[in-house]
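Heads up, the thing below is written out as structure tokens.
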């Protein structure tokens, strides 16, 4: 028997992506997709690609019982929602926003930070998940093995993100005429994901000073994040490669590539690929994800799978777009 | 028990796309992927996105028995291959090239033109399939209902294709510096797909004079085909819409959209979307596909499903890339 | 001594492009750049690329005397402006909108349709110019020689335009996430430029029935228009080539290319390139322009040059961006 | 009277860009454009955008006397050429390759490193110029004021470049299908431009240890370089801004922007824009150029202007493409 899932905030990018994944998930039935702005309209009104795949109508409310609830809301709105509405105690909640990533509770609900490569066992036992940010996921996956080994030094990271990271709201920096063939920087050294990154790194390596110097760039593409982090390391490339491969050996979506990586290897998949280079005493770690999948909705499904005891990759064998 | 499939010419774009689909097809086991140029190397050498998904090694030969064989070769090479090698009589062959689309035989093997929306029943009975061309598929799907109703007049079609249509060979027109943000025309009114288009249209409408004036353009994107065909019609938009919706009612991948369509609705899916507009006595039919899927490998899998009695959409519930 | 120019509506795309051209025009001094929304702010506030080139401040008014006035306003606003304000009789006005292209007057001011390849001599004598639309320019330049020779038959045209054609207003179809790698159709067979196109063609060829079937597409690039028009013709390619080359021999910006053309040959220039192909009894005419230059501001400067007796190409020797 | 210029290696990207600039330079006549591969063919054969602008034919040789000679050759070929051919002593030579940037001589010819913002006076006296690399220019312009003030500390730089930086040769990383919407890293921490960067920085700040950690990325656009460099600094943002503005006050192409910068502000211009941000004790310097202009051919013309006593910006008042 299939479990029942609900999506709140289904008309946005992560809501749509979560819906696409759930529609093809063999263990899940979508009970409702809620959207305040689109209530009463077909889901295909906003997600035009779903024509022929679903007749779901956006609902205004969301109080029918479900086994798992995905919150795909703007930052701040999840906390507000959970303070105003209560859901059955056995309903698992996965919040794709950033309201609960730093350990905040919603009443009795305690949220576990949902990065499986960091704490899969805790996620399996969790009732509520704070799904990590997209940059936070990509950067952490590039640094976890070092932190666990206590080898992390000051980090210099540059990351570039696709336009879907900025959501579907119309704004100057997502105007096609401006963004096409353009590159720009934003939130230099102050990106909000630094908090959750440092929280994880310090948990693994108590003495880590939290010096992640992160320069985010806006890219002229729609999907994906490419990150390069540079740290100082005394280990050889072979030692580092072994460290990373051992760390990720049991994780189905994160792979260490011996060959250089390029962003489109992971676009439209739930994968993270990592490539290491050692030059002198510097280690460069390249890590890539699809910001809407491993960086958002895909990881949310992965967390659902873990919480509900499904195969971790169920519903996530995605054909990449590759080109 | 799974059936066994083999791919010949697995290192190219359609070979790779066929492999990606077969790896996730629940009824199929990939017995071999052959590549002359890559024999002995992992499939991930050329299809970098498959890291973590398969350990397949390109084979040099292909003589182990399979239930279905996909030929993903350059034009002319399928005919050559079948003249030099023989395969078990019960091995179904699906040729993705253009060698057998006009009724040519390979020895005893007779090829059925594999456009399910045109002749699904024949395909179900077929042993050998000539998979249609990408432009041919997209243009035909926009015209089939008219031809079947005997309503086709002279057609003026413009179509634009992504760069994957030109294959992975390096050439001036696929140099990034040239093609980015560029548009150009090629094979004006002489595209090789006109033969198979006219063959189908004349079979449906005997009196059709074959006047499909087709202007192909190269687009500055990688995946997809957008086509607009203009014909003269005395029918109203309502009548035409009914004609099209009736025609495609039983076909799972081709849908008539009441709303205007945009190319990314179908990218990384096996769908074709159609939108009709009537202005004065002119009917404009917009039709869109992903050239590598409904225009090549996806349709090949669809044909395999039909021939082998699987659900037509098995292995083709693909998450579109959408953005 | 330099002449004085003013721009009304300087903060938009065509206003900015006109400003860029005038700043480098050796015969012109920019007296003012007016913008209602940006009054008091530097022109570099909206045209960020002009940093280091100009200290101009947007003005709220525009009543200082100038020799030539460029109206870069939304459609309908030029007519409104000229009904509310009067300008010195010897001030030449060039309207880049579509308010006066069909022969409308503004009080005593009669507007001449500003397509130099159609009626350069009339432009030289004009006091007021209605600058043609971008699609209108590109399509007409592909058809003028045929019309002048009385050879025009029913025309089937498809054209694709960059996003700058849609202006700088934020809208769904200019959202980067939507438009990147996407193609869509709009205003099928009903584009507003058809009126001015037919007006010109009928003036040249009285008997022309006005059957220009024009399918406009939105492209996933920012600058440029690529058009292919198909007509029936009994002439040979050589005869047609001679007809076109003779027609354009004295025109410095429009060239007939013996080689196939690609859009980037003209991007960031004031050129129009034309390429002819003859297949059977069909003639295909490919014509390309930069929609903001030959299709708007560049042609406006060209018209200014003609009216004021400057060299037609003054200020328009632009380095194309090419790549 | 105009001076005479020759181009050797005119068929490539920098050769073409140099030609485009010289054709519009009011003080220069192009005496010849040499190309071994294209000798005898019109320059428009390879530079299609120049149709209507020039009738120049590629020459096989280059021994007619010129005032200035531009070498637009692959790395290593300039040295070879100058060892095999001799040019008149009063012919100034500007080498756009990397053969002479580290102080090498060609016979009696001594080459001055042609970064005007670093040593304009030396360039004015020079007979031979080694034109800087594109990344080298962009990174140095972001660091020169710090180095001159002796304030440079270890530098962490990430830079992204357009595809024209890779030249016009067909290769896997410039295939459109691969590069579109893709990001990748190359030559991590080992880029060949580090030598010339460190040479300059050490000349300005003797004690600088040469620790520029540079991560280059390939971008999915054709023109431009965006660089962010992070250093430690005790100065305030105001102090740093003053330092940079003072340094560049007399330089016509390099500007310090108080607002964040985006790549397209400089595309198709000879400008470099710089934006500073201070967070804690870290200074982030963003610097942007067009790799083919300020990063190659534009700077070459700027150097020619300086050597020959022309206005530094002559022929370089370029209309940016902006969009």
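Lettered A, B, C and D in written order, each chain numbered from 1.
In this section, contacts are C-beta pairs under 8 Å (C-beta built on N, C-alpha and C of every residue); 3 or more make two chains touch, one makes a residue touch a chain.
Small disclaimer: the values here were computed from a predicted structure and weren't measured.
Engineer: To get from subunit B to subunit D along touching chains, fewest steps?
Structural biologist: Contact-graph shortest path, subunit B to subunit D, evaluates to 1.
Engineer: Please work out which of B-C and A-B is bridged by more C-beta pairs in contact, and write that pair.
Structural biologist: Looking at B-C and A-B side by side, B-C shows more C-beta contacts.
Engineer: Suppose each chain is reduced to the average of its Cα coordinates; what separation in Å results between subunit B and subunit C?
Structural biologist: Each chain reduced to its C-alpha mean, subunit B and subunit C end up 40 Å apart.
Engineer: Between subunit C and subunit D, what distance separates the C-alpha centroids? Give it in angstrom.
Structural biologist: Their C-alpha centroids are separated by 34 Å.
Engineer: I'd like the Å distance between the centres of subunit A and subunit B, where a centre is the mean of that chain's Cα atoms.
Structural biologist: 34
Engineer: For subunit B, what residues touch not just one other chain but two or more?
Structural biologist: 13, 163-164, 177-178, 180-181, 220-223, 261-262, 264, 267, 323
Engineer: Quick check: in the complex, which residue numbers of subunit B touch subunit A?
Structural biologist: 13, 16-17, 20-21, 24, 47-49, 51-52, 162-164, 180-181, 222-223, 252-253, 255, 257, 259, 261-262, 264-269, 271, 273, 292, 317-323
Engineer: Can you name the residues of subunit C that touch subunit B in the complex?
Structural biologist: Interface residues on the subunit C side: 156, 158, 160, 177-178, 180-186, 188-190, 213, 215, 217, 219-224, 226, 228, 230, 260-264, 267, 277, 279-280, 282, 284, 286, 323.
Engineer: What part of subunit C is in contact with subunit A in the complex they form?
Structural biologist: 13, 163-164, 168, 170-172, 174-181, 220-222
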